[in-house]
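These are the structures, in structure tokens.
Common to both upcoming complexes is chain A, partnered first by chain B, then by chain C.
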Partner chain A sequence: MTHRTRTTVLVFLLLLLVPLAVSGLTRLPAFGHYQGPYGDVINTITVHARHVTNMVSAVNYDIRGFDTLGEEFLLMSAVTGVAMLLRGGRGEATSARPTRVLRRRREGRSEAITGIGRLLAPITLLYGIYIIVHAQLTPGGGFQGGVIVFAAALLVYFGEGYASWRKTVRSTMLTLGETLGAAIYLCSGLYPLLSGAAFLQNTLPLGQIGTITSGGSIPIINLGVGCAVAAGFCSIALELLEETRLP
Partner chain B sequence: MSYLINALLLLLILTSTSVVLTRTPRRQGLAMAANGCVLSALFMTLQAPDVAFSEIVVGTVALPLFFYTALSGLRTGPRSDPEAAPLKDHNPS
Partner chain C sequence: MTHFPYFVAVWLFAIGVVGIVRSRDYVQLIACLTVIQSATYVLLLAIGYKVHAGAPIFSDHPVGSPAVDPVVQALVLTDIVVGAAVTALLLSLVIQLRKRRGTIAPDTLQPMSD
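What follows is the complex of A and B.
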């Protein structure tokens, strides 16, 4: 395709699409003026209907539970894809133990970085777990807590280096975490079917509003998602970092 | 509040443009991290702390890390040994 043809196609498409975009943009609701009915309905009924105070969790894990199904499946496919692609060149077994790189120039970390890593990693881990178990009460949830746990694992890597990181974050542990998370999600989805309810329907006792056990199946699903997300992100990081260890 | 939102939007425009205009990949990773930071602050200001949590880890930590990992996996120098071991030989099977 020559330059001239490309420009003609571009001009033609711009003439076609720019009026559409402009007419759409001019009819947008004003900034900060929410118009849809669903948010108001959810804000009104959910506290009493589901005994949770974090509406986002109520929507994602109960009222519109298929959101999480998509997220879980997407992350699982990403981890599987990365592992298949990268382990194909290395062999499956090598991932279980860290590769040692010979003749690599070693630059020592400054004590400040190691110290900050040691100080922050446990606090970050605790915060991630806090976010996961308080999914139905305060902002955050399984995914957010999971990625914060992943950040804690990365702080270990930044502070201590690759070999120590692999000793702390075991790849068998990651595989178990990913599988356990998916299993918890699947079980809490299939359990309602036993009593004749729909997939992922919240049939567990709802508990007291404002306590850590409130919300029926919402905290359980969040626990599973947190496990799967933390382990999934760590596996992706592990496979990618292992790839840079090739001599 | 609206001043804060405006300031953050301006900062967002600046950092996003800097991601595009930075030509060195090493600096681009840092620019992406700065962009993620500003974006999560904006989400926080717009009362979406859930999204801010995800953005601050994924955009500020995970994305630059994967970016730098991919960069360090590249071999850009001239191949010194003409019979350098291909990828498969790394695996002792």
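What follows is the complex of A and C.
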């Protein structure tokens, strides 16, 4: 199909779709006048039912926990897919010394960049861990904190270069983190079955509202997710950066 | 203008579809796919929004004060992270394609166009 016919078909279809979408959307409740019952119910009862103050984390790791398990494995299979696709063409050579690097500046990195990287990477790492462990109390959680930890790892790459990055971020550590994250999630799902409760049911002691250990299984699952997200994103970056290495 | 954010979502979706149909290489196509994905974020967050309501986090304001829907926020949150990983997967497909076929333009890859 040529570009011209494709565009013509597109314009025709959009002319069909847009009025349908507009007529459908104008019948939704007006913006800012939310009417669904679920959000209000969760906002009203969850603080006392689960002893957590961040409702989004409560939804993610407890009320909708089974869905998040699916998301976690989706993330894991995407990371596995990246690794398989790229290693399929390159070979299983992540253990090779990353000394010969194609088109990557190895000398003369600006001292300002190295200095800022050294300053910011630990702070960012600490901030990421803070965001992960306070998931059930304040805004944040395993997904967000995991990505911030990944940003800290990238700052090491920007500041110190590829070889040092490979020395800091070990690929065995990443595999371990990814697997451990999924295992923690699965185990905290299977653990309630021992006492006759349902899969992923929150049977652990709930603790005091506002403390870091409150929420029963929510902080544990959240820690697993943080682990898996940080390790998964670092693996993706590792595989993509390995692509530029000379064979 | 009470439905304005919904139309922003439709606009993002439509412009993403236009980009995909008219794209001349796969990197552009994947970027358009993420634009379409962001249309779902706008739509979900707009549906859960309530005027004069705070975030659904009760660490600093009392339970029972008005707050927006946490369910859609949780959906968007996980989707952003997983979407980024899936985008990486698609981009690594493009890298392999470039290695095998030497091109990333969809038009030159069609089996019919010799």
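In this text, the second predicted complex is superposed on the first by the 217 of 247 C-alpha atoms of A that agree within 3 Å, B and C clash if a C-alpha of one lies under 4 Å from a C-alpha of the other, contacts with A are read in each partner's own complex, and residues count from 1 in each chain.
Please note the rule applied: a residue touches a chain if its C-beta (ideal position, glycine included) is under 8 Å from a C-beta of that chain, and two chains touch if they have at least 3 such contacts.
Because the structure is predicted, anything quoted here is derived from the model rather than measured.
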* Which holds for A:G210: it touches chain B only (first), chain C only (second), both, or neither? -> second
* First (chain B), second (chain C), both or neither: which does A:R118 touch? -> neither
* To do: With the two complexes superposed on chain A, say which partner A:I131 touches: chain B (first), chain C (second), both, or neither.
  => first
* Which partner does A:K167 contact after superposing on A: first (chain B), second (chain C), both, neither? -> neither
* To do: Considering only the touch criterion stated at the top, classify A:L241 as touching first (chain B), second (chain C), both, or neither.
  => first
* Check the residue A:F233 against both partner chains and state whether it touches chain B (first), chain C (second), both, or neither. => both
* To do: Check whether A:A58 is in contact with chain B, with chain C, with both or with neither, and answer first, second, both or neither.
  => second
* May I ask you to decide whether A:G141 touches chain B, chain C, both, or neither, giving the answer as first, second, both or neither? => both
* chain A residues in contact: does chain B have more, or chain C? -> C
* For chain A, give the residues common to its interface with chain B and its interface with chain C. => 56, 89, 139, 141, 143-144, 147, 233, 236, 240, 243
* Structure fact -> chain C residues touching chain A in their complex are 2-7, 10, 14, 17-18, 21-22, 46-51, 55-59, 63-64, 67-74, 77-82, 84-86, 88-89, 91-93, 95-96, 99-100, 107
* To do: Under the touch definition given earlier, write down the residues of chain A that touch chain B in their complex.
  => 56, 89-91, 94, 131, 139-141, 143-144, 147-148, 150-151, 154, 233, 236-237, 240-241, 243-244, 246-247
* Asked: Quick one: in the complex, what on chain B touches chain A?
  -> 49-50, 53-54, 57-58, 61-62, 65-66, 69-70, 72-73, 85, 87-88, 90-91, 93
* Structure fact -> The residues of chain A that touch chain C in their complex are 3, 6-7, 10, 14, 17-18, 21-22, 25-26, 28, 30-34, 36, 38-40, 42-44, 47-48, 53-56, 58-60, 64, 67-68, 71, 74-75, 78-79, 81-82, 85-86, 88-89, 137-139, 141, 143-144, 146-147, 210, 229, 232-233, 236, 239-240, 243
